[in-house]
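First chain A sits with chain B, and in the next complex the same chain sits with chain C.
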Partner chain A sequence: MTDATLTAKPALSPQQIRRIAWIAGPVLLVIVLTLLTRSGAIGPSDWTYKILVDPFVTMWSLPDLLIQTLWEGFVAGVLYALIALGFVLIFKASGVFNFAQGIMVVFAALSLIGFYEILVGRLGIPAGYAAAMVALIGALGIMLLLAVAVERIVLRPLVNQPDIIMLMATVGLSFFLTGFGELAFGGNPKVMITSALGLPTGSSSIDVPGGRINVQHLDVAAAVIATILIVSLGIFFQKTRIGRALRAVADSHKAALSVGISLNQIWIIVWFTAGIVALVTGIMWGARSEVSFALEVIALKALPVLVLGGFTSIPGAIVGGLIIGIGEKLGEFYWGPLMGGGIETWLAYIIALVFLLFRPQGLFGEKIIERI
Partner chain B sequence: MRAPSPTDIAAGEVILAVENVSLAFGGVKALTDVSFDIKKGEVRAIIGPNGAGKTSMLNCINGFYHPTEGRITFRGKTRPKMRPYEAAAGGIARTFQNVALFKGMSTLDNIMAGRTLKMNKGFFWQVLRHGPAMAEEIEHRHFVEEIIDFLEIQHIRKVPVGKLPYGLQKRVELGRALAMQPEVLLLDEPMAGMNLEEKEDMCRFILDVSNQYGTTIALIEHDMGVVMDLSDRVVVLEYGRKIADGTPDEVKRDQAVIDAYLGVPH
Partner chain C sequence: MFYRDAGQYKTSYAADMAIFPLRQDRVGIAVILLIAYLGVPLLAGDFAISTVMLPLMALVPAVIGLNILTGYTGLISLGSAGFMGVGAYACYKLTTLFPEVNILVWILCSGFFSAAIGVVFGLPSLRIKGLYLAVATLAAQFFLQWCFVRIPWLYNYNASGAIEVPLRTLFGIPITGPTAEVEVKYLVALTFVVILAWFASNLVHGRIGRSWMAVRDMDIAAELMGIRLLPTKLLAFAVSSFYCGVSGALFVFIYLGGAEAGTEFSIRLSFLILFAVIIGGLGSIIGSFFGAAFIVGLPTVLKFGLPTIGIPITGAVAEKVVLMIIGALTIFLLIVEPHGLARLWQIAKQKLRVWPYPY
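Then we have the complex of A and B:
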């Protein structure tokens, strides 16, 4: 007899039990529902059938519609992730929820269009790719200027102030940018210079099982660009000296200072990076509708993504964005009609709320470490 | 581990001089007319009862506070308002009384953060994380591994420091300061809250750093046994004033010091 046989085998650990319940629960539900439907206990007119069975039957019988919805959800998700990323960057480095991120998106997009209009309209440079690139560089310059100004005027005088003061400062910043933007660019909606930037337009149909789906070329470009940006920023902030310095600043100002990290430099880098993200976001969202100050509210869409993914995690922003984007489109398409449609506007918050019940720190948020 | 970068100052000469330093926060005087010097290669202790101004003194030296009066000369240069960033770049590293680590980061990343100033490959390469930046990263990683070996913390290399027991956190903090290859190392109560074994380890590390690399060390400590064993010279503060300065034996016999610690009969 070995030692192993002598020691009593421990029962399943609570984690294992929970894991089994999570898998077994839905499977059981599916079996019960199938049996009930087959036996005729619930029919197409019952609410249980409409909510729990009918959507999945539709998904199964019309796979092309499902794939189309998933694709749209994916694109929306990537774009949500992009907005959320802007918040995460600044939150990681300074512990501040940057209320002005939404208006920064609008401001960046408007400066791009503004520069382009000046170049083409006043200076007579031929419209097209070259002018758009110069305008792009000009817009990047504006974002750098904004980062330096924010660091000098807003952050530096407020070092070591409570977070709520910093939050209010960003609220003030958003009002300033709104006013200044309307003064500089006018309040009328503008059209994004999509084709001049070399972004593809048009769409093509792709054969899938059950039919065809329609894919906008712009959506593909948006997904690719956003993915590249998110991944490279993720690596940059995780693995390099500047990234390490950034996380260090977020953890402790005085310790960061003592090893010779310059707070001012880090803040400029972070706000400039957030500015670049805002510009890309502005281009992508602007190209899908138009650029106006109303676009500012897309920042609110980032909130559920942040709650879901955790305020401090770049992978969290990506996964959170995808869950919200796909969940929202599926919900709208399959369950929306039951409630008269239009549930897209609030479903994201409900999804976030449900996640919050189980993981208060978000999916990928830093574990709350506290030694007592 | 390699020695700090060589300087023009020979061992035994004054590397850091504090002259007539006073520090006031509004009406509260934290330091009054304090003068002393630190010689290259020595272990200099700053002691005194609670609230004597010891930590304020360190904060002045490393640029967190700026003295209201007087001046601090480091390596022959006097800067009226030295900022922490400049102090670090000039070769002053420190640890804190209440450990100030980057809690969410691993031991390795914390110590790597200490290499920030030694790493200088441009932003561009950093963004690409390729070429020179990668080579630099590897080179500094080697250095950091040597420090980890030296401090015997190999087993916690990848652990987020927030999870570590206090004694180990203090050790990681020392490692981060050592990673800066400092000219002067300021230690604020390096043994506070440690058990006997941890204290002995920490003493050994401090002596090793001093003996092997000739690093100048200024430390604040309450454990008199440790202070008397480790330090070459001791400066004693009370209510923000210097009351004694000399070798451990001289200080131990000084009547003002005995009064400060034991109280005077009224």
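Then we have the complex of A and C:
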């Protein structure tokens, strides 16, 4: 064997070939489609045109609509990311996939409204900022109570059970909270106390190329508050003593126990943090529409977000949320009418499914290594 | 006392591999079948049959199906209600397109349609597992539910958007539709359940069942032993969806007598079926019966049992309390016995075997 054969490398490694194929494929598709359309081979009545050409032509010719759709997708994505964040926090620290996160969002929002109504209606405190703040503290108290109860009653006896058992326990928890919430607050949708909390209402128009778009002030506030929440959570995780303990627990329960970190305490903190995230999500989402138990199903959309981002990654939850939110709105607006509309209910899951086939561990998830 | 295996010798391989090796077990199953076929229709009232036995019989195949997938093959699915819906709509389309063929044939055939859809949505299971697979099956649930609402061809362009179950007969006796007797419906459903349970039991005790369990316990090791993963997992999905499809057809044609799919085959039903599997016991056919009985029986007991013992409870409140109690009891059962009711049954049998000695 000569030196030449030993050192000779193939011209392109498989990864490079794959990367080139990923870039060249869409480019080629665009060129072929353009040629076909220009030559008149496919016209506006062909279904290939309707699916592959028409939406992009619309996007190009009406940029204001595109920007409006992107903005709405962005806001929806931020809210998905917030729900997903609650999942990730609990999954990282306790390895429990918390199906009850969605109902926790509803529960937190409803208890906030409930406290406010009691304060203003029964106790005669003037409606406004002060009452809303007291109600907010009350709702936080409820979430803390919930965290302690969940840790004591559900998590502690079930420690070391297989994943599916823990999963079912949280589904049981969500059934319990749904029943309890409907009993305590009534099943009717409620209006979020947006103005009392000091959240801006109203909207303004912004000039963009091709026209104007309408931006709700509330959506801007939602994006800002979500960003603040995520950044402060990041600082909490990276810089504080408790944050370090949380990351230790996420790495290994046993190792964390052996250096004297109390698992029970950490779990309460984590569930309470998830409760705070749930409360913020509930306020934002409730202010955009209304607070009802239907939110629970919307909260399930956090699952494809997690699949995209990976179950253990906070940046993943955010990026995944944005991809799902924007992809869903674009799909619904440009391709939805072709299929009779309403595809928003499943598009996110299909996006996640297709994604999974190519990258099973998600965008930021750790590479899955299987051993016997 | 009476439940002993002393003196019962296995003298052939067939006897060694029998599902019920004990004579007492065989007598027991015969007695249960006798009660189910004669006792229930004769003694139980119409109300009890239609509120408890019919939904139970309709749900049991779905629970067995999900148990095959989750309990025996270790693949979590949250789309069972969607596959049930496929069965229901397939059965409806088939029986309205070919009314001359007996409805029983179509109920069974609708399972095959469901199985085909199940295989398609089972394809990702080769690459992903665990919670990721659960999310992938949610895609099936929501997509199928959307199809049931948005494709009017499926419900024959009815203005109401719902399935209206037509009248169908067997030997001149109506078995579906508004005029069918409750007892007749029950017997039809029971026969399906008995046949399906017998088939499932044989399936999981044989070569196929063993390869499923090998995949569940560790799929890479199973692959190294020569079990081909893709066919095995897809077969599990197909069989599971087949059971769900038949269950869905029974659910609409025998139990409900008409259904609006967007509401009937929702994610909550999927969760309830998964509850039934876990409460009954993962990887157990008899557990599927226990689990389904628990899920069906509890709301009925609460709704109609509590007022009779003097606790006044209105329907609306009862529904919420039922949710709370199902949730709380699930958590309680998971804490006390994570292996489900089937495990309790096993313990009871073992105790009985050595009674009066502790071991």
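Remarks
Convention: the second predicted complex is superposed on the first by the 351 of 372 C-alpha atoms of A that agree within 3 Å, B and C clash if a C-alpha of one lies under 4 Å from a C-alpha of the other, contacts with A are read in each partner's own complex, and residues count from 1 in each chain.
One rule holds for everything that comes next: a residue touches a chain if its C-beta (ideal position, glycine included) is under 8 Å from a C-beta of that chain, and two chains touch if they have at least 3 such contacts.
Owing to the predicted nature of the structure, the values given are computational and were not obtained by experimental measurement.
By the document's definition of touching, of the two partners only chain B reaches A:A245; chain C does not.
In the superposition on chain A, A:L353 makes contact with chain C only, while chain B stays out of contact range. When both complexes are overlaid on chain A, the residue A:I164 reaches chain C alone and has no touch with chain B.
In the superposed model, A:I343 makes contact with chain C only, not with chain B.
Of the two partner chains, chain C is the only one touched by A:P304; chain B is not. Legend: residue contacts after superposition of the two complexes on their common chain; A:V259 is shown touching chain B, with no touch to chain C.
Of the two partners chain B and chain C, more residues of chain A are touched by C. Touch criterion met: A:F175 reaches chain C, while chain B stays clear of it.
On chain A, the surface patch touched by chain B in one complex and by chain C in the other comprises residues 370. Considering their complex, residues 97, 153-154, 157-158, 161-165, 167-169, 171-180, 182-183, 187, 297, 300, 303-304, 306-307, 311, 339-343, 345-346, 349-350, 352-353, 356-357, 360, 370, 372 of chain A touch chain C. Looking at the complex, you find that chain A touches chain B at residues 232, 235-236, 239-242, 244-245, 247-248, 250-252, 254-262, 269, 312, 366-367, 369-371. Residues 70, 76, 124, 127-128, 130-132, 134-136, 138-139, 142-143, 145-146, 149-150, 218, 220-221, 224, 267, 271, 274-275, 278, 282, 317, 320-331, 334-335, 338 of chain C are the ones that touch chain A when the two sit in their complex.
Listing the residues of chain B that touch chain A in their complex gives 62, 64, 84-85, 88-89, 93-94, 96, 100-105, 109, 112-117, 119, 121, 123, 126-127, 129, 133, 136-137, 160, 162-163, 166, 176-177, 179-180.
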